[in-house]
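For reference, the structures are reproduced in the following blocks.
Two complexes come next, and they have one chain in common, chain A, joined by chain B in the first and chain C in the second.
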Partner chain A sequence: MHGTQANVQPRPEFGKLGMWWFLASEIMTFGGFLAVYILYRAASGGGWTETAEHVSIALGSINTFVLLTSSLTIVKSTEAVNQGEYDRAKNYLGWTILLGVVFLAIKGVEYTSEIRHGFTPITNIFWNFYFALTGLHALHILVGIIINLVLYIGAVKGTLWREDLGHRIEVAGLYWHFVDIVWIFLFPLLYLSY
Partner chain B sequence: MDHNGNTELRENSFWRKYLFSADHKTIGKQYLWLGLIMALVGGILAYFMRKQLAWPESETLTPNVYNAFVTMHGTIMVFFVAMPILLGCFGNFLIPLMIGADDMAFPRLNMLSFWTFFVGTLLLILSFFVPGGAAAAGWTGYAPLSAKPIYTGVNWGLNLWILSLALEFASVLMGGVNFMTTAITMRAEGMSWFRLPLMVWMQLSAAIIFMLSVGPTIAAAVLLLLDRLVGTGFFVPAQGGDPLLWQHLFWFFGHPEVYVVLLPGFGVLLEILPAGSRKPIFGYRIIIYSTLVAGVLSFIVWAHHMFVSGMNPNLSMPFSITTILISVPFAIVIFAMIATMWRGSIRLTTAMSFAIGTLMTFLMGGVTGIFNGSAAVDIFIHDTYFVVAHFHYTLFPATFFAAFAGIYFWFPKMFGRMLNETWGKVHFWLTFVGFNLVFLPMFRLGMAGHMRRLADPTQYNFLSTESIKSTQIFITWAAIGLLIGQAPFIVNFLRSIVAGEVAEENPWQANTLEWSTASPPPHGNFEVRPIVHHDPYNYSSPDADSDWLPQDQSLEEITT
Partner chain C sequence: MATEAHDHPNYFMVWVVLLLLLVVSLAAAYMPFSQTLTVILIFVIAAVKALLVAYFFMHLKIEGKLILAIAIVPVILFVIMTISLLPDIVYNPVETATQKLEAPKSTVH
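Entry: the complex of A and B
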């Protein structure tokens, strides 16, 4: 018998499976948020329309496009890893990080202009929800950027490709897609429903 | 034994070995210590509450402090005793051993999970000492009471309470991800799903129920914290919020949480009963299917906590029906346990005594649950001591009787030494008698209309009668007895770790894989990865020479 410690080798399916279970619980968390929001909004009988139309549909749409594109780039990155083209994988990962940062920057511009116009997190129940939901989502984006950044640094150093760790991009991609999908729900619910 | 070779390969410093260890066995034991210490804290809180209730004129606790103690007692016992012992300890310690793996799939995540839990526990303890004292809005944290600091006079105490629960949830989520991934990917050769020990099934069911139900409560906790810190009004009617929503979101998780605690408790019983009766488990698959059905049903019973909350009364009937329905699968499991013992050669060890004690007491909890679950009856007994008695008859058996059974059973595997059986039996009888003397009279108090969470019941005339007062004093003395009855356990536990009789590999002659390795198992658990040949409850098989047949021994090996 050799090295009892070394027996637990990280295997690709560990990470993917673990991430799926984590996402299952995340779905329930965001599901809870969205259910509450929808219930409140339905109960308001259209009373929120007046205040809700002050969100910027233009910026929201641009952000939707940015986030969807970033999902594409991380898929491209995974694909490149699987084909052994590590340079291409690294570059696509970089684009994903950049697009994530652009998303947060645009979100920051939105927040600033909204608060300047007097719509703060405590203005009324709609803005309570708007800031809570988008804020929590932005936090998830930030976590995703950090994860991708750690992988990117590993890719630049070359350590990421060791010991078949390339699948980590796929696992990070699962998370990134999830955050993207949450936005796909948030965007129509917060920006488009009158 | 490859112990020496093992240490040569990997020198573990003291810190890495005992404190910041990624070994699932050490982490399991860390959870056990944490849970036992917190149980002592929770018990002491209960003692002060009982003293106040029996002799209100002594003014042991002011009403505000009483509220804080009620809140913290519930929070500690459910989240910081039941969870770490039943899931944290038994889950972490047993799952890899029982499936024949050398550790969890994510050992470092496991370590992170424990230390997250530990910080959460520290925050909760810390909250006693901040200005304004600890959280005082009940363990359910009902809004709007919890939504604004002015309502309870508690500011940071309640914020810390939310934060410590958030850390606990995060920790158990990490644990759950680990449990699932480990069980799916790391089972030994031959360990098919229907050869898994039921303990593993119960732990996995609990983990899934937890992971899928806690989300909405996390969402609610975030919103509550925003209400308190930022000034939003999600649960404040004056700002357009709805306090009832908190109850829905809380109980959507709060009720499944009962089963998260209960199922590992059942798991303990399902291992001990066959080994203690020398018989195969009765209805292995039926138990699994019943558990899964109960798991699904547990998501649609939550509003039975809210029959008198002001929610739409039309919801009462459906939730009554689902609530009473969920007793069916659990009754099946209980019957299977009783049938397992039927005509067995019962070995009445301490573990077995506690297992049978769990069954007897939990039965009372289950039956009174039917009362509470029927909306028409619940309207009468809601928020009285009847409910208090009911949930102590469900959670105390799971958290203490089953946990003690498990501790007496697996202690040899954890620490390599036996607990003293004689003192174990003394401990059992003191706990069993003490528990019933404390909680049985509470049903009567509840029927007499005694409300929960009253610091001074004598403010009501109908609760000032001699009969009620003497019952209160009786319960308090019984509670003191129950607390003192834990002394034999504490002494036995501490003494046996250093001076107990050295345990052999398989002291209970049980079949599951953890008994096929050294006590305690070496780092990496098994010298040779076991291969599984049988289901785990092959007791008194006519084909084998002995009355047990370990899972990793094939019949050919024995007969040749």
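Entry: the complex of A and C
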């Protein structure tokens, strides 16, 4: 036994380590998918250009802006937790949730417009990849929103601070940043390379 | 990169740089560059953006070797996987990849 101070540090470290371990498996999940898409696209020799031109670069760019901003708000939330400014931390977390919902709403508008113009997952292999990759990503956004919402409720009730669980926002932030990074690559892969 | 203090990076400045990079990648996509140059530019920019997010927002800047290893190893595996699949898919293309895709006309089919 090395005294009582030893029980202060490990908890956040374990949470972070667990999340990074999970993200490593996520890199392989998205990686396998992306590798096949990249290679098929490279093999296509430009044959997909005509159909790929129909994505909305404007909406894709706005969504990139939304996600990059949500990454800023959740990291500011973590910073506020570390400074003991719990009210500020709660507000930044709220903004992150809102931006996640905005992202999904814009994605929904995109999907609706695309499907109405005849681009569905069975139209051809490009749109098959497009819906599968962005759909898997959107599912991750949805999960992130739910995680952040659970933390936000804890922050509003105050249980998050009373039970000294503020570091969970940092762990949730790691997941959120990862989903942002996936989008950083999906954007040029699906929207800009035609 | 601008940092206010050792353990308090200026997150706002990182965000500004990320947005600037987004604008640059859009500009690169619309410029009359050759396709090869455009593709290289937009993916180099994407990689820089991803590194900025990982380094500053995910705190890889201050994390220990263990977490760095957990983050980097799967990225290396991804690169190896992609390169090792090149001969099968790109140099010996399957028909599903090489067929010319046409945009559906407004007519329902």
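Just so we're on the same page, the second predicted complex is superposed on the first by the 184 of 194 C-alpha atoms of A that agree within 3 Å, B and C clash if a C-alpha of one lies under 4 Å from a C-alpha of the other, contacts with A are read in each partner's own complex, and residues count from 1 in each chain.
One rule holds for everything that comes next: a residue touches a chain if its C-beta (ideal position, glycine included) is under 8 Å from a C-beta of that chain, and two chains touch if they have at least 3 such contacts.
Because the structure is predicted, anything quoted here is derived from the model rather than measured.
When the two complexes are overlaid on their common chain A, residue A:Asn124 makes contact with chain B and with chain C alike.
Comparing chain C and chain B on the residues of chain A they touch gives the larger count to C. Within the superposed three-chain model, A:Tyr40 lies in touch with chain B and with chain C [touch as defined at top]. Look at A:Leu136: by the touch rule set out above, it reaches chain B but stays clear of chain C. Look at A:Gly32: by the touch rule set out above, it reaches both chain B and chain C. In the superposed model, A:Trp21 lies in contact with both chain B and chain C. Touching of chain A by both chain B and chain C, each in its own complex, is seen for residues 17, 21, 24-25, 27-28, 31-32, 35-36, 39-40, 43, 124-125.
By the touch criterion stated above, chain A contacts chain B in their complex at residues 1-5, 7-8, 11, 13-14, 17-18, 21-22, 24-33, 35-36, 39-40, 43, 121-122, 124-125, 128-129, 132, 136. For chain A in complex with chain C, the residues that touch the partner chain are 16-17, 20-21, 23-25, 27-28, 31-32, 34-36, 38-48, 50-54, 57, 61, 64-65, 68-69, 71-72, 75-76, 79, 117-119, 123-126, 173-174, 177-178, 180-181, 184-185, 187-188, 192-193. If you check the complex, the residues on chain B that touch chain A are 2, 5-6, 9-10, 102-107, 109, 173, 176-178, 180-181, 184-185, 211-220, 222-223, 226, 230-234, 239-242, 245, 249, 252, 522-525, 527-528. Of all the residues in chain C, the ones that touch chain A in their complex are 8, 11-12, 14-15, 18-19, 22, 25-26, 29, 35, 38-39, 42-43, 45-46, 49-50, 53-54, 56-58, 66-67, 70-71, 73-75, 77-78, 81-82, 85-86, 89-90, 93-94, 96-106, 108-109.
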